[in-house]
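This structure is in structure tokens; I'll ask about it shortly.
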Amino acid sequence: MNSNQSWVVVADEPAVTGLVTTARELAPQVVAVVVGSREAADAAARAADRVVWLGEPGQVPVEAYAAAVADVVAAAAPAAVVGATSPAARALLGAVAARLGAPVLSNVQQVEAAADGAVVTHAVLGGLVEHRTGVAGVPVLAVDAGAVPADGPAVTVEEAPATPFAGVTVTQVRPRERTGGDLGSARTVVAIGRGLRAEADLAIVTALTEALGGELACSRPLAEGVDWVSKDRYIGISGQRVSPDLYLAIGISGQLQHMVGVRGAGTVVAINSDKDAPVFAQCDYGIVGDLYDVVPALTAALGGGA
Amino acid sequence: MKIVVAYKWAPNPQDLEVRPDGTVDAGRAKPAVSEYDPVAFELARRLADATGGEVVGLTVGPAAIDTPLARKAALSRGLDRLVVVADDALVGADSTRLAVVLAAAVRGIGDVDVVLTGDSSIDVAEGQVPLTLAGHLGWLGLARVAAVEAADGGLVVERDLPAGVSVLHVAGPVVLAATADAVVPRVAGMKDILAAAKKPVEALALAALDVPAPGTALTTLATARPSQGERRRVVLEGPTAVADLVAALDLAGAR
Amino acid sequence: MDFGLTDEQELLLSSLDELLERECPESYVADLDLHHQPPTSFRKAMHEAGFMSLGFPEEYGGMPTDAVTLVLLAERVCRQGLNNGFGLELLQAMDILEFGSTEQKDEILGLLSNGEVPFALGFTEPGAGSDNSAMATTAVHHDGMVTFKGTKTLITNALQSKYLLLMARNPEVEDKRHAISMYLVPMDAPGLTTNQLDKILWHISDSCEIFLDDVTLPESCLVGVKGNGFKQLMRNFEFERLVISATCLGLAQCAFDDAASYAAQRVQFGRPIGDFQLIQLKLTDMAIKLENIRNFVYRTAWLLDQDLPLRSQGALCKRYAAMAAFEVADEAMQIFGGVGVTVGTRVSRLWRDLRGHRFGGGTDEIMVHIAGRQIVKDHA
């Protein structure tokens, strides 16, 4: 094993600082293997010590390079492998994990190098429990890529064009219209859940969001069950995780799968008609009441809306 | 077309009790076909019906996942037959271990064109297993699949990605993980449930599968219950609740 | 004695759970109640999932199912807070499947498969409720036709139904037991008019007066045998009482769950009111009543499945279930205090709807009349 090196696998992520920071905890030298645009390779070159660029995927998905990435990483026999949590990054990590016979650990909070591998603190069972796990072998970690591109001096990008899986072609891409500002960097997030009875009633929630100068978000059923709010705006374990200063959970019961996504929030406010909703045990301030009364009243009290 | 639905028989974490030391009591939790997996069953059934294919269910895990109830619960959701690998050597198995066993079983089933899975399991909720499985099989693995259809000797796959919708043509064997809302799965009715008892089930012995030894060993050094962030838990009620909230937020400098 | 569920029952209930979560959340039920609308979309979803044909013979596309399973399903639907959510359609179909002509069977089953309510039962009259011998609506047969005249009242689901299953008397027959026949009358037949009654409960079912002013139809509208109407209707009364009892069980369980969670949460005098023994006494007695209703309902269903004679078991069960379930809901209201009567609190709806089951499908008192006679007769 090359205990001096840890590798990050980059699936076209524009920012890799989160990956590189974690990787550096485990070995002094960080090598990035990039599947993606030239810009992604250049961005990685400003954070990592070495960058291997497998090439621009063009008409094939990043996932088609999974075996090629596994080949390159396995050949280097690194001390650790780190990747992002996006579907494409998980596909690359999956191939690496399969090749190394190593589990992928997710929701990583802390890593320390150890003589035979690493000690990793990570949330398991969807955030229900925290484990401190000794990894004897190569740790393969899925972590947040970070939001800020690195701006350090760039190393040279080594071009090593690889062959993707044959037989897969992207035939069409329909970009999604972004329906609002950036949830990840918002200081105030207003999330609406199943308590909302009709799509038209979203207006009262957007009025409050505007009065607070925040961003609108939702719980999973509103994005995937009824499609009232865009899918990139649902908060939860398999959706977005946010850390705003102020988070309002409106008509959201407070199931674990949702609340995991706001663990980093400063102040949590809950509005729910059900006194027994678990959200009241996980908020700073709660109002028991019908959101159809409370939300307009709150908007008015904040000096917004009609 | 031979389609495998790889699913998990898992408890809902809402019913798991976390003790103060961070260990988990699953006593009250009733396992079921994991919440998002029925979407994969439905996609598989539709694809099989459109192509005259077969749907084979596949699940792996500890011995307790193989009960008559668990078999029927899966078979009533549109499977033609079921393959189970149940062995207590898989208690607490990590994502790679599960993927290795699944891969060995898929090879054992043979001539598989597509493996379909749900978005993620309800308990672990990471969405890693299908993609590690693809890695083991040496197949293409794609998550966030919103639709799949047979076309031109292969599959047309529609993916719902953060940046937008991406449509692909896939010729070779592939592992597809569906989004949670790709389709609304049908609910099993009495006829499906009764028919389930008559469908073939094959229990594969873990020892008989070609499963490589893990390259990395995990040891749990400590468990803890995550802190709830020490929230204040001030619950307001009555006519002054809104005003009280605004005052409290101002006082805390939270807005 | 096996009190456990079979795998099939367990799976069917978890299928139903999925469907209820998707198609029948509390917001949906509350909205129906508020706007006095029937649960059409839920019924349709239930039909599509195959629940509505459970209990029908196979030759009509159904799935013969035991009574225990049917009451488990009825209980579960009502536990969602939905009154009369499951089982009544089955009763309606059974009346027609047993006694109807081929045309009548096809028509009724077709309507059921569309998720529609095929008919309302036209039994009660202003002067004849529990006392069916006082029935005044007449059916006069003449020249291959039949003419109806009279008034029915408190007819449930009349506006939602395409037909009225009308009970009417032949004025020429003296013996009242042989005077009543059963007819399937289209609700849009000339001479048939309705007047909707405003009521304080059962808002998802309409209740109507129906006026029959020389409604004349071909004799083929007769269901079964002329003069056997009451006997035919009675055939399914036992099962109807069982379905109503299961309905009461589900609604009461829903009220109990609401009250128990409220008691655990509501703080007075510095602690949850559930800490006080007076509240605990209420919850304990409510739990005992629920357990009794449940055992009564399940065992009655089991007797039916064993083909054992029910005697007056159905009447005993219905009387107990309706009364005890209302007592549970009433205590639940007491635990909620003033909050319970505010509009939008589920427990108030459950309390209202359960009150209706103390007379719907036969009053508490008529159940004594049925069971009491039988008891004395058995010991004579």
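Quick notes on this one:
Letters are used for the chains, namely A, B and C, taken in the order the chains are written, and counting of residues starts over at 1 for each.
Criterion: contacts are C-beta pairs under 8 Å (C-beta built on N, C-alpha and C of every residue); 3 or more make two chains touch, one makes a residue touch a chain.
Bear in mind the structure is a predicted one, so any value in this text is a computation, not a measurement.
The interface holding more C-beta pairs in contact, when A-B is weighed against B-C, is A-B. Of all chains present, the one whose mean CA position sits nearest the global mean of protein CA atoms is B.
Between the Cα centres of chain A and chain C there is a gap of 51 Å. Centre to centre, using the average C-alpha position, chain A and chain B are separated by 19 Å. Here the CA centre of chain B is 40 Å from the CA centre of chain C. For chain C, the set of residues that touch two or more other chains is empty.
Within chain A, residues 275 each touch two or more of the remaining chains. Only residues 25, 27, 31, 261-262, 264-266, 344 of chain C touch chain A when the two sit together in their complex. Per the touch definition, chain B reaches chain C in the complex via residues 32, 68-69, 72-73, 76, 184, 186-194, 196-197. Here chain C touches chain B in the complex through residues 7-8, 10-12, 14-16, 18-19, 22, 49-51, 54, 63, 65, going by the rule given at the top. Chain contact summary for the complex, chain B toward chain A: residues 13-14, 16, 18, 22-24, 94-97, 99-100, 103, 119-120, 122-128, 130-136, 138, 140-144, 154, 156, 160-172, 174, 177, 179-181, 212-226, 228-229, 231-237, 241-243, 245-246, 248-249, 252, 254-255.
Looking at the complex, you find that chain A touches chain C at residues 194, 197, 273, 275-276, 290.
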